[in-house]
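Below: a set of structures, written as structure tokens.
Same chain, two partners: chain A is paired with chain B first, then with chain C.
So, the complex of A and B:
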């Protein structure tokens, strides 16, 4: 069971159409065909042979090119749906997706969200389709490559005349082949870089067989590429984090497990200036006002030598210093740090002067760091300001009269001061903001007059690591090698033999028949061997 | 027969490898969101923080006792509401369940001011670089981790605890059985 023995004695796998060795047609259908189907050399595509167990059925499903094409079509259609409305990743982060799509796009948006198209590319079914494509690639390739390889490896020099008669390029003629003539043809063919084998007076010339492997090499590249994409979700292979860092701050670099810290030594935004920069920018400056020239964060990278526990005081050792600009990341240890965004003029410190309301006389200034306040500020000569409360994002008073801060960010700082002077040794309370002072416990003789504001910029850096890139590159390169291998060469064969006083000549190529005809023509030109003719005119 | 068996095993093996890869890919894709976040039953990550008095507190030093690990900010209203309950029960469960309050990224002045205003006596660690908060994946404030004497997380409470009884119930859950 499972074997087909050819008249020539060669034992072929079940399902073989043309004998691997001599080329005789083995099936009734193939016997009737005028021209042999040479796509897979008439080899036994295994999937078409066995269909018994569930494993065979799954195998056969994925080995079908038709199924593969359908998966690709489905993927294309599905992927296009994801482009109709913005994906969840791109909508404003402060609104919930449940309401966003309906609010902005109406009923269509609601349905879009309900079906799950708002996060299509991360959905299980989309991933499953890609996985199915990968499986189809592997199985369909294996199912074709193995039999084709076998058939080309087992082919013998002497092919049965019935095989030769069914080739597209064919000629026959009465006569006898002389050894000298075979020798001459062999030399000519060798000059054209054919590998020539002669057995029992029959000749097989073949070249560029490797080009037949092109599609399979190409698929191996694709599979490696998909595998690389798969690795992206393996922890540690791919990191993409964002770090907001104020000027002067030193923070842990996210994604590095606390091994690295970064200090922001200053953020710079430069614009093109008319007159200073080349004239080509003048037109754009006139049109839009400002044109950015440079976004830059001067950063210092440290390694934490005391990286044992979160929260432990870091022991920082400087690693490198770099100016991070757009497209000029800082690189270290497989990481790249990119300039991504910025926020200018965040409040950093405020200055107030202790002032006599009546005379306007000032008794000294205090500077309050909005990120590190002090309990009291001495002004000398019996003048002192105590800080009783700090509300970085002041938002009115609670029912009990307590000032409320709605966030820890210094967006609208307010202070509760106790002002102590020789005149008021008990102290007077003043509630101060930038524009405004209040006297919550009764009228005061002194006030805290707002003097100055210090600001600084905040820079946003993207920390990225991608260990899958070399794999994706390798997959891409192998893919291209496969394409080139399959495209720029043709697998050409020429058979010549004599049987019972008849000379048979046949030629085959997987593409570019014209080229093969010319080549054979020039080789057989000066001989008694007939030049095979193309029997398929189109 | 031999050949047929071989083919069957070969196909099964290839399909098994492919199925394994596919399942892994789908699994990592689905769990991408929740990866790295802590859940009840996980080991509570160790950390060390300095409190307002300059003393350091390391979580692993509390092994053998229950821990009420609370992340908070002075600006957060629900935090203000649960603090008095915490203060009261800290005294009641002394030696059995300890409170570790972690202030996230605020200045010493603000935390001191707050602690004085509410008369807090339990240790408050200053997580100025938000490292401990990031390790625990805390968002929003307040969030409380109830940690058992063996160092595993019993429960994670997101949001404020309004009633004293709620806090008491949490204390009871991580109390060492003696």
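So, the complex of A and C:
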């Protein structure tokens, strides 16, 4: 690698524009410029120096901020397209996406679906854009950080007057710098928290250099965040399961390989009540109607002590008991269990009474558990009911006259009973639903009269494990530190020197020139040193 | 008077003080002595004092309402938008104490006033919190996000002043047209406020029965006359205006109707101003901004993005993600409101990089600030009202 030696004797890396040490312009172009381009201190960046191999070209492409901005803008525009219509995961789950978009949004919806915008954020090209952002961040940061670090570290107090003349804030004046003057300025600057160095009668005051690293710190944070998001697809890092659990039920917790069980001790839904809740809410409750106050599942978590033993029956040991509410998940072992949804009043059991149709006399009640039926129910004294058919989700009769069940869920249960009494020892058939009985095989003396229905609620719990969270959190924190570091301070420098009876003053900041001007103004006001002027004023 | 009553009185007082401060700042810029670093005159000092009193009154509104409701009053559109207006004033105060420019107040306070007036078009009763909102993160996330947006809003104000000052009004160009488009938008919001308050004073109510997206019968009450009616709607209230057209089921006719009214009202109001004054709105404002340095405006714009961007990121993305992980089981779900917060973030990132590396200073930077605020307002208004999402006050 070639080196560039400056007149001052400092050896700079190949490609350096302004000498790291004294600031002299090293290239023809830089020599001609009226104001020095101070963005990276004129340091040697790889992307500006090499452009031969493929690697150089890729490097140069991604290190360009112009390219970076394009990537950001493309991402932003693409992201907005995904909000025009709801994404696939937000449409009702019982309708197929192929037809949903066209049915609801017409031709536009059809096109939206056809070009894949219904699942935009999971598309390959969207992921590719995010990947390009990551690559760009890494390369652009490396391309600049190292040379900038070198340049700021190697800078000398005494800068060549050609460098000072090319600063945006600059002044020169005939005269000599006395030590006492320097001392006074030094004191003033120290009060404003500048670090002041004096060498050979030249002065360099600098503060907040650390703020220059802000962008690099925040980019590192972003990269860590993107890396964490990438890790999600690694097996074991991420679990997302839904558990529908009925009141009273104990079920294995999905995603835990059978290590945990959960019992639902009851689901509660509360609404705000005008009158009961604070009076200030009355008006809102009256206007809107019902406002939900609480969704809650009282849950007990068990560990299966026999989980490791193959074939052994679960041996449940209680771990914890918790009321799971929205915003208050139950936590255990990297898992969190959330109250996600519910279904109220699912049928659990039904009661029927064996009744003499004529007299209305009842000969006992039976309770049928809709999840666990028996073949026959003894009522004593020669009375007995046999369950000949159970249709949990009754949906009419088939052509051959058979009752049909739509699903195994007890949404609309129907029963075919055989009623045996001392009077009818052969039995009579009765087809019973809630509040409706039929006699499909001819008139009967007895009937199964519907008595009662027991219901319970079903709670939907989300089981979530996400081991990427700490990495994302680290990325987020580092990002925040970086942006604050880069945004809330400015890197300010002031150079003062005398050469051949001429005093030169130059100032530089990476942003917010007004602040620097005011600060320098107040420092130099009472001295013989000229206050530098902004040469880029409108 | 009860706490809720005190609270609304304080909000009205704040509104009044902001209005007064606007006029004081108007007086301040009539005199010379406003170039940067030259300090403030008496009007300017009075202006900032009255602004501070107004801000204190609005803080009073905020905390008394908090006490009355038992939760931070940022839980519906009225409360959020009012708070956003307060944050614009707060951000203005912050930037004012750095740069001491009265002209900023002359533009920032009217914007805050319009936003607060806009807020009061929404139902303003104190409402109880649904389960998803019952969290301390409600206060933490929403207030920080709104503060970030408020500070970013100041860059819009500085950008507007920059454009009003620097765009040549003696000829008609693309630039003057775009700037008028922004002015027209502001005028439309004012028209919306006037129309809504007008019909509300007249107690206009027209109920419709219609068929909704799920093919079910539903009812909707219009509080301004329906130019467009809901899907297969029938007017139930007698003697009210029949809509000129019915909308398909997936369009919320009531909201579209409001937008139409605002645009029509905006056109009328805007044309009226143009005809009466024979000048562009921006040209009318130009004399007020002559004295301020463009360079200073540019720096104020940039500075407020620098201050606001981290606050916005913290509130609207990081705190948002933390809460989403707790309330919705996942920190990110591509919900429209989340996406638009991300878009805002990316936009201001692009802004910073364009400035830093491509030298987009001055006018370009000012335009970007205007667009950025457009995105923020889109997220506040359009995403809440048009694109339905998970966010409960959508």
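In the analysis below, the second predicted complex is superposed on the first by the 411 of 538 C-alpha atoms of A that agree within 3 Å, B and C clash if a C-alpha of one lies under 4 Å from a C-alpha of the other, contacts with A are read in each partner's own complex, and residues count from 1 in each chain.
FYI, contacts are C-beta pairs under 8 Å (C-beta built on N, C-alpha and C of every residue); 3 or more make two chains touch, one makes a residue touch a chain.
Not measured: the values here are computed from a predicted model.
Taken together through their common chain A, the two structures put chain B and chain C side by side without a clash.
Once chain A of one complex is fitted onto chain A of the other, the partner contacts of A:329 are limited to chain C, with no touch recorded for chain B. Contacts of A:406 after superposition: chain B is touched, whereas chain C is not reached. Of the two partner chains placed by the overlay, only chain B lies in contact with A:251; chain C stays clear of it. In the superposition on chain A, the chain among chain B and chain C reaching more residues of chain A is C.
Look at A:135: by the touch rule set out above, it reaches chain B but stays clear of chain C. When the two structures are aligned on the shared chain, A:487 is found in touch with chain C, with no touch to chain B.
With chain A used as the common frame, chain B approaches chain C to a shortest CA-CA distance of 15 Å. Here chain C touches chain A in the complex through residues 4, 36-37, 68-70, 99, 123, 125-128, 130-132, 134-135, 137, 213, 248-250, 293-296, 299, 302-303, 306-307, 309-310, 313-314, 318, 321, 325-327, 329-331, 333-336, 339-340, 342-343, 346-347, 349-350, 353-354, 356-358, 362, 383, 387-389, going by the rule given at the top. If you check the complex, the residues on chain A that touch chain C are 39, 65-66, 68-69, 72-73, 75-76, 79-80, 82-83, 86-87, 89-90, 104-106, 121, 240, 272, 277-278, 280-281, 283-285, 287-288, 291-295, 325-327, 329, 336, 338-340, 462, 464, 466, 469, 472, 476, 479-480, 483-484, 487-488, 511-514, 517-518, 521, 534, 537-538.
Against chain B, in their complex, chain A makes its touches with residues 1-2, 46, 50, 53, 55-56, 58-59, 122, 124, 127-128, 131, 134-135, 138-139, 142, 227, 230, 233-235, 251-252, 254, 258, 309-313, 371-375, 387-393, 404-408.
By the touch criterion stated above, chain B contacts chain A in their complex at residues 1, 3-4, 7-8, 11-12, 14-15, 18, 21-22, 24-26, 28-30, 32, 35, 45-50, 58, 73-75, 77, 104-110, 112-113, 125, 127, 129, 131-132, 134-135.
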